[in-house]
Every structure is written in C-alpha cells, then in structure tokens.
Amino acid sequence: MSTLQTAFRRRTGTLLRVEDLVTHFVTAGGVVRAVDGVTFSLDHGKRLGVVGESGCGKTILARSIMGLLPHRNVIRQGSVLFEGTELTTMSLKDRQKIWGAEMAMIFQDPMTSLNPVMKIGKQLAEPLRIHLGSSRENARAIVLKLLEDVGIPEPEKRFDQYAHELSGGMRQRIMIAMALACGPSVLFADEPTTALDVTVQAQILDLIEDQCREREMALVLVTHDLGVVAGHTDQIIVMYAGKIIEVAPTASLFSKMKMPYTEALFQSIPKLEDPSHTRLTAIGGRPPNLILPPEGCRFSPRCPYATDKCRTIEPELQAAEPDHLYACHHPVGSDRWSEVQVSLGRRPGGH
Amino acid sequence: MKYFLRKLGQLVIVVFAVTFTVSLALGAIPYAEERIIAAKGSGAINEEEKNKLLDSLNLREPTLVQYGYFVGDLVTLDWGVTLNGNQPISSSISDGLKISLRLMIYGQLVALLLAIPAAVFAAYRSGGLFDRFSTTFSFGFISTPNYVLATVLGLLLTVRWKLFPAISTDVGFFEAPWDHFTNFFLPTIVLALPLAGTYMRLLRSDLINTLQSDFITTARAKGVSTPRILFGHALRPSLFSLVTAAAVNVGALVGGSVVVETAFNLNGLGRRTVLGIFASEFRLVQITVVVLALVYVMTNFLVDILYGFLDPRVRVGRLG
Amino acid sequence: MDSSTLVSVSDGWVRTTTLTDTATLDPLHDEPTPPRFRRRGRITMWVSGAWLLFIVFSAVGASFLPYVNHSCDQFENEDLCTTHVETNPLLAERPPSWALFSETSRPVVGDAPERFGLFGTDTNGYDLFSRTMFGARNSLLIGALSISFGILIGGMLGLVAGYMGKRVDKIIDTIMNILLAFPALLLAIFIVGFFDSSTTTEAESRSIVPIVIALVILSIPPIARLVRANTIVFAQREFVLAARSLGAKNSRIIMREILPNVMPAMVTFAITGMAILIVAEGALAYLGLSVTAPTPTWGAMIFGGQTKLETAWWISIMPSIILFVTVLAINLLGDALSEKFRIREAIG
Amino acid sequence: MAGSGHAHLRDGALLSVRDLVVEFPVGRTGLKVNAVSGISFDAQKGETLGIVGESGCGKSTTGRAIMQIPRPKSGDVTFDGQSLTQADSETIRRLRTNIQMIFQDPISSLNPRRSVRDIVLEPLNIWSVGTKEERLARVNKVLEDVGIDPAVAADRRPYQFSGGQCQRISIARALVLQPKMIICDEPVSALDVSVQAQVLNLLEDLKRDYSLTLMFIAHDLAVVKNISDRVVVMYLGKLCEIAPSDDLYRAPAHHYTNVLLSSIPVADPTVTIAKHRAQGEPPSPVLPPPGCRFHPRCPAATDRCRTEEPEIREVAPNHFLACHHPIHGGEAPVKVRNT
C-alpha cells in the first residue's frame, strides 16, 4: 500500500472493521479485562467518537486496533480489518509500515508526547523519511508546508526548536502535523485536548475537524468529554468497563439515548444553561474493577433501574434503530425506567 | 551562558576550599615536623639544615600566610623536590598521572562498551532471558571488590596459566603495542568489570523508564523501526545517570585506582600518594590531592556542559 | 452518602486498580512485573537473607560457636588444636581438605594432617575458616557502624537541604561538592593516617575508630544527595502543603510527613551502602591501613595471602569468596527491597 | 483588562484581599513570573466565591497567597478582621487553621504512609484538641459526614481508595478543625464526571452543615457556575470580571469571558455556538503584555488597550469589569438550536 497511491484512491466504503476485539492484560493482581469484545466499523472519511470514563478501556481500544501494545502479558483476540487487511496477525515489520503512513495517532499530553531532545523539524521529517523515503531537503519543504497547514507561525524558526520552547497548544499542533505527514486514511486522537486550556482546546478541535475534512481522513476521537464528541463526530460509541454499551449517530445519541449509563453520564455534567446551585445527578459508586467485573450488566451495581435480571444476565447489544445499538434490559423509556423515575420524583421522559 | 558562568563559579569555590583545606592539613597533622625530619633521615642532617627544611614548608607562619605561600608555589609550579631521592615533585606527579590516566581511560572505555549495548538490549526485553542473565552478571561484577578480582585473575591468568606478566610495567602503546596490551589488559579488566556492572544497571533502569514515556509511543505510532527507537529516540534522554556516574568515577579512578595499581605494581598517581603518606612526603601528597581535585572538578564541569548537549532543557536552567 | 462507595471499599478491591487508561500501557515491554519474575526475586531475597544471618550469627558468636572456635577433641595431639589465638606451625599453609588437586607446600610433620579444615590454614597455622568468621566481626561492625552514622548525618543534611531549599541548600550542596572533590580512597587513607598516633611506620594496634570516621565521611555526600533529591520530590507533594496550612511546624513536617516517605530509599541505600563500605574497608586493609592484630578483617586476610598466591592460593582466595558472597547477598537484598518499595510506591 | 481598583470591594466581608502581588523567580535567570499582579476581591460570610481562568492565570497562586504559602510580595489579606499579611509566623500558623485548603490531586494530597485515621487526626494532634477519645470521636464524625465509613476505612492507607474517595478524605482533614472558610483548589478536575458530581454535591451539603464560606478555584466554567454565588474571572495575574454567577454567564461583558464561554464544548450536537475564538494562546506571565493583558488576543483591542490598563468599574448592579470596550448590552455567546 504505497501512500502515494492512497492519496489518489477513492475513499469510500468501509475503512476499518473491528470484530469481537478482546484485549486483556496479565498483571500481578490478575487479568485486567481492559477491552472485552468490541465490534464496530468505520467508513472512509467518517468521524467516530469513543466516550467513557477513565478506565473504561477506550484508550486501550484505540491502541489495540493499531497494534501499539506491549508484546508481553497481553492477550489480544478478535479481528481488526483495515482496508480488508487483517492487522492482528500482521508482523511487527509490516505494522511499522502502516503506522504513521496509513494510520496515525495523537496523544493526550503534548508535553510528553514529543521527544524532548530532538529538534521539532527532525521529528516531523521522520515519518516522511521512513515511509516516503524523502530526501532531507524534500522532507524539510513538506514539513514547512505542514507546519503552515496546522497554523504554526514562523515555521522556519520552529523547525530548529525543541519541544520545551513551545506552548502546549503549539505542541499539539506539531503532533497533528506529524500525524498528517504521510496522509494517513485514519487518525486516532486519544484525548487530544484534555491537557489544554479551554480556549486552546477549541482551536485544536477546529483544526482537527478542518484537516479531516480537507484530507478526507477518518477520525477516531477518544475522549471522556461528551461535549467534545457532540460537536465533532458523526457517530459515537459509549464504552463502560471494557464493553460497548451504546452506539449511535451523534444526533440520535443525544436526542434518543437508550442506556441508563449514557443518561446518567449526561446528567452528571454541570451545564451552563442551568442556574447556579442546580443539584447534579451523581452516579453513585465508582467504575468497576476490570479484574473482577460485576456479573450480568457491568453497570448494574451503580444503576438505579437495575433488577435481579441485570445482576445475572448480561444484556446483548440490540438495535433501537438500524444504526442505534444499546445493551440494556431496561433502557430509557422502558416501563421499569418510568417507574423508577416516578419513584425518584423526576418527570419521566426527556432531559 | 548564565548556566555556564554559574557552574564556573561553583568550580572556583570548590577549588578554593580544596586548596585551603589541603594547605592547612599539614599543620594539623600530629608530629608533622618530626615525621618530615625523620623521613629526611633524622640523624643525617644538622640543626641548620633542619631549620631550613622546616622554613621552606612555612609551617610556622600564620594560617593565611601559609595558604598564600602554598597557592603561590602551586601557581608558579615551584613544587620542590621529594624528601627522599630528591626527585622533582612535578615529574613524579606527571609520571604517575600518565599511568593513572591511561588506566582510567581504558577502564572507562571498556566499561562503557560492555555496559551500553547490554543495557539497551536488557531494557528492550526487560524481564526476558538476556535481561535476567545480564542483571545477574552485573550484580556479580558490582559485588566483586577490585582487590578480590585482582587476586583471582592474578592467580588464574598470571600464576597458573602465565598468560600475562605478573608485574605490569608501563610500556607505551607506540613503543611496543603487544606488550602494552598484555601489561594493561588485566588492570583494565579489573577496573572495568565492576564499573560495567554499575553502568549497566543505571542505564537499564533509566532506559526502562524512558521506554515507557509517551514520546516513545509517538515514535512507534510513526512507524519508526525498533533499533531506531532504541538508539535514536530512547538512548540519549536516558544517559543522564550514566554520565553522572561516569564523571564521579573519573575522580575516583584517577586517584582511587590505588588498589589496582598496588595489585599490578603500576606506579600510578594513587600508589605514589599512598607511598607518599607512609613516607611522610607531605608536600607530594598535598600537591597530588590538589591535582586530583582539579581533574575531578574539571570533568564534572565538562559533564555539566555535556548535560546541556544531552538535554536542551538544561540549557535554559529548567533542570540544572 | 451513597452506600455503594463504601461497599466497594470493603468488598474485594485488590489494592487500588482504578485502572487509568494509560497506566497499564507501556510501549516496548511489559510492566507491572510478571508474577514469575517476582517470585524469583523473593527466593533470592530469602537466600541472601539466610546467608547474611549465618554470617552475622557466626561473627557474633565466633568465640564460643563450636564450628568456628574448634574444640580440640578431634585431635589426639593437643598441639594440633587451632583456634583463633593459637599459632600452630605444624599446620602452616595446609590446603582445604576438599582441595585434593592442591598439593601442600610444606612438609607434613608428625601426625599433622596434609589437608586441614574447610578453608585450609594460613602461614601461621590458623584455621582459615575460624579466621574468616572472626574477621567478619570487624568487617561487619565497621560497615554497620559507618553506614549508621553516615545515614544519620547525611540523612539529616539531606532532609534539611531538600526541605529548606534556598541558601541552606546551596551551602550544604557546596560542602558536599568539596568533600566529593577529594579522591575518596585517598581521603580515607589520609584520615586513617592522620589518626595514627604512632609517629612513623610502626603500625601498632589500630582501633576501628579512625577507620569508621573515614568511612562515615566518605558516605555522607552520596547519602545527603539521595535524601535531598527524595525530600524535594515529597516536599512538593500537596500533603506537605496541607500540613503547613494546618499549622504544622517545619520540624513536625520533616519528621512526620517527609521522613517516613524518604525512609524506604534511605533503607535501601543503607543496605547497598554497607556493602560498599565493607568493600572500602577491605581496600584500606589491603593497603595495610585497617585494624591490625590480633584479629584481622577480610581485606587484611586477602592482602596477607597475596604473596603466597603461587604456593598457597587458599589463604587469599577463601576469604575473598566469603567477602564476595556476603557483598553479593547484601546487594541482592538491597535490590529486592528497592523493588518491593518501588512496587508499593507505584500503587501508592 | 488588567484590572486594578477597588470599586467592587464590599464592607464587612469575611475575607478581603487588596492589591495582592505574587512573584516567583524563574530559576536563576533573574527574570520573574508575575503570577498575581495586584488583584483585589472579597468574600462574604456564607458565600461561595468562584475563581475561574486558564492555566497560568494565577488562580491557584492566589489561593495559596491567602494562606501565606508563600507570603505574597505585597498587598493585604484580611480574614475575619485580622490581617494575615502583617501577622508574624506564629500568629499565621494559628490563623491558618481558620482557612483550610483542598487540592487538585487527590493522591498527592494524602501522605501515602499514614492511615486515613492518622491523616484526619493530625490537625487535632498538632493543636492538642481535647482528649484522645474526643479527638477520635471527632474524626469518626467528620469521616461519616464526608461519606467514608470510619469502621471500614480508617485503618486503610490512601492507595486503597479511588480518587473520589481520597478527595473526600482530604475534605475531612480540612473540616476537622472546623474552619470558617475552605479554599478549594481545582478539587474536581482530576476526577471523572460521575465522581465530580458526587464531590460537588458533597461540598454544597457540607457548606450548609458546617456554615462554611467557600472559595472555589477551577478552570471549568460550568463547574464554577454550578457551585458559586459570585464568580471572579482572572487572566494572566489580573482580574477581568466579577459578577454574581448567573449574571456573568447570562451577560458576559468582558471579551475574555465571552471567549471562554464560547469555547466550552456543549454536550448537545443541535447547538451551534457562535465561534468567538481568542487568537493564539495565553502569553507567558514572565513578560506580560503592557496595557490590558488580554489585548494581544482580544477581538476588540484598540491602541488604548495596548497602553492603558483598564480600571475596575461597575457596569451593572453588582457586575464589575475591567475593560475599555465592554460588550454592550452583554449577551451570552449566541447559541443556536439547529432544529
């Protein structure tokens, strides 16, 4: 798969198909079931949001798809088809050809994601030199163009600077430029704005969105912030304790959420429209231990609607609409849900 | 630049403190005068000569004057002669320094050449077979005192198998390369192995930390090959402790290879100093200590500058 | 409040395991340490501990333990009985009894055995095993005393420098730099020589005091630096700030909040430091500058046999082996402990 | 906007901060960080005062300077009629117990080598409050109040708890001396949203039960709005805007506040926010811009802003502002429902 070819390839249809992906870690304390059977697909040029609290397995899911995991003490099963090629059985050498060229990734903390002792320009040129075999001068020209594209003033000057001489937002722009260098067909963005200030976060999210559109690049946006995915994705996956519990197009997830967990997550966020001192609806307890996840539905210990059925039988993903799946015995709008809403003194229906 | 000047300032303070202490130490030694006279051969010299000798040491002057004379002599290179044999102290020190520096350089080089590749591979597959193997060996090396190693190697390689000369002599490399090799091989190994163990463990654990940092994941996600990640991305930011340890060891090795020099009968600076102490050659010892302190301080100064090269953040004084 | 929070505290939470997404990830290799590796670590720890116990026990009880201080029952001839004090020329330089490959360099007289004891005998006919265990006394005592004082003084300096910062830190750091500028072993030699009250070369019985003082001075700078670095890390933690806002005084903060956190690093360092000091004492002894008769240290024994390597290798080699194994055991124990602390730290 | 002036100060406040200046040296370079450059504000008894701003704006430094850790370079901090800035160190030690702090990092806030009981008991031991039994009873009571069961948890060490629970323990430690005021320095930003809501609710409850005055420092505007009565917006060591929280969010008058509000991602895909983006990123507090410190990023900056520092003035009842060109008839960032 030469990158030059991909640049001219028509980008439609399924880009990535993940089937029943399992990623467990063997630790001294036991087997951590970080990702426990995840299935979804992503089309060319689409933007997918993966949302969940810390420890739900979203970051590990992204890295597991790319194959960027340690090689020992990891149990990985299932299949990842990228442009029809199986990634899970691919050798490290072949994966290294895809990393950076076809799939790129940016990370949460731009402070630590750049090599502190290597000049910015050299780091940026690296993927070009590796994957495209660019000459030094050629790479430099492309890098300067990239820096301009991601909105960095004085690219010539930045080329010879080190990461610590730049601000956080600037570093994240560098990371994005580096990811874009070889024109990948999908960008994994792992909490790209969590470490940034809110005004800078808005700029970076705009930048990612613009670049995805311009380059017809698919995006997997991993975040804990429902607000971030709401404005910047086409489709959303909600994860809880290593499982997908709800998948839906962005608009219908927010308007017709089915999972009590999604609902609770949404309600626990303080909102600017609400007057000051509005009582927040907190979710009791804390996310489960992934070594010994609860039986049945993994959210049942914290769920106000949980019944005995929830505690014993694990719900399967089912379709509310063809493109809206959820995994719950008593989804939002069900009888049980209304009953509990009334008993809690809330008005059932709507948020 | 500020960083540079600050380090230079520290250097001056240390040099001052060392020379001051050393110049005064003579006055504090019990029976210093008697010892000196005894060393010169007590019965053989008359009162006049005694007084001349003691006057030349300025022992009866006030402290600051003593220090002044000492520094003056140091700077003008007027170091005098040894009590015994009347060899100029400067030539004794430079002869010794030549041997000691050779030993130090060989020892460091061999240690680093052994330690760096081993540490990189052990860190890359930490917990693996090679890691456990090399960790065990490095512990063995660290736990072997050099006099024990010298004894054992001496017994096996020189006494039993007669592969190397029992007593090393200082033969220049260009004069007789093979003899040079056979003479310096054992002392070098005895110096290098314990060092290599220490270096390997330091670098290994730093590398393991570096390999866990985000920027390594970034490099992997770019498709950088494994050797390039290890040597191109991870090694340089992991060298801090190793460089520090190596610098400290420069000081320790130049003067502290006493044991190795004694074991292999090499007349290096360390051995000369020890013999000097026994022989009450205080002047020689004083000046040697100052020279060694200067070597130590200078290497540390250079290493501080090297830090700036290793990590550009140090230059702005964030870490320094 | 929500009861589920409390339930999850009590029911089966294996340590913390609020698995943050990145915590378990590390790119090129694996951590947390796999169970197999840790078990192996525990075995080395036990073996090292057992060896050290044996050495300490033998050293302390050397004068009455039967296997160290041989009873003379096994010999018909009373003269052949050797303990640590008696010289027996009949038994001089006998190889260890298992060393069948090694010939004795002295003719056998009377009913004296050709090979003797576990370690052989030295030039004076002392049993080397007994001598080694008596030697352990001085070596270990010097090591332990020196590191204790070193930790006490160096630790205090490091805590104060790290916590107070600014000028205090600068002054202490400069003093440490000056100390480090003196070549370590030469400094020790000088101090020992300085305290040597005899005017010239006649080495009378030298006590352990100057040696301990020299080793303490050597150990202070590295300890101070280590403790200082650790103190700075913890002094920046917010619980120290919290303690200050609660009105705790500096001394209380140093003793109650910082010291317990710096302790593990200090203990680990003390252990490896002791190994280094035992070796350093050996080096002094090797140069003829340590404790003198009647009971030698390991270093002196190794040095004493040096000239006999060709004819009676065991005189040097046997104490060398004991020294090596002991130092190795101490180092391994220190490493195992630091590993243990590191894991606990990672959890905390 | 570099707001100076005291127009907004009220009489009879529990805590009053006037012209606070805090500076730090930058390494040994001779430069200094102008962390807080002459700010004034106050908090009335029983009020929750929110302080919001981006990283590096000096909000945490302000909180610590009130506690005199470290002592500010200049300015006055008066608490309950007593000046903290003029007190000697022994008096400060005693006065500090009236104001307590909780911090951002729940793990770092607790000494890993002490048990939960020890941690909460420590303040009582420092001041030798009551008998041993009384102290233990008080510790148990406070732990219960923050939702930690003392019988189960008191003997455990911090690493056995989750972030949210550690934060509860920190709150218990702050409460045990029964202070009048608690300074909360980003207490929920390290927590997951579900746990964040628990802690925010807990703080509201405790404020009522213990009749506390709160100072709530955070970068998350929605969180600050939710808990505060009055909000102070800070930028690069200066004040921008002070107003009752509902007013501030309904009608921001300062361009910076407006930019902040419109930058928050809203968890509703049907809402489009008019994009008021600040240009670039906050400059370094080592070399703050002259005049109004926000002018290099401000969409409405004029030459006047570049040279003249705006004074704090009242633009609406109780709504104070430091800006030469406020947003007239201030409106919240336009939010448009698409459907």
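Letters A, B, C and D mark the chains as written, and numbering starts fresh at 1 in each.
Methods note: contacts are C-beta pairs under 8 Å (C-beta built on N, C-alpha and C of every residue); 3 or more make two chains touch, one makes a residue touch a chain.
The structure displayed is predicted, hence computed values, not measured ones.
With steps allowed only between chains in touch, the distance from subunit A over to subunit D comes to 1. The chain pair A-B and the chain pair C-D differ in C-beta contact count, and the higher one is C-D. One finds 51 Å separating the Cα centroids of subunit C and subunit D.
Residue numbers of subunit B whose C-beta contacts span two or more other chains: 127, 217, 220, 226, 316, 318. Multi-chain contact residues, meaning those touching two or more other chains, occur in subunit C at positions 2, 5, 13, 15, 18, 25-30, 33-34. Among the residues of subunit D, those in touch with two or more other chains are 162, 164-165, 198.
Subunit D contributes residues 64, 67, 69, 93-94, 96-97, 99-101, 103-105, 107-114, 119, 122-123, 126-127, 146-149, 152-153, 156-165, 170, 173-174, 177, 198, 202 to its touches with subunit C in the complex. Only residues 1-2, 5-6, 9-10, 13, 15-16, 18, 237-239, 241-249, 252, 256-257, 260-261, 263, 345, 347-348 of subunit C touch subunit D when the two sit together in their complex.
Subunit D meets subunit A in the complex at residues 54-55, 162, 164-165, 192-198, 200-201, 204, 219-223, 225-229, 244-246, 249, 259-270, 275, 277-278, 281-282.
Residues 127, 213-215, 217-226, 233, 236-237, 310-313, 316, 318 of subunit B are the ones that touch subunit A when the two sit in their complex. Interface of subunit C with subunit B (complex): residues 25-31, 33-34, 37, 40, 174, 177-178, 180-186, 189-190, 193-194, 197, 199-201, 275, 279, 282-283, 286-287, 299, 302-303, 305-306, 309-310, 313, 316-317, 320, 323-324, 327-328, 330-332, 335.
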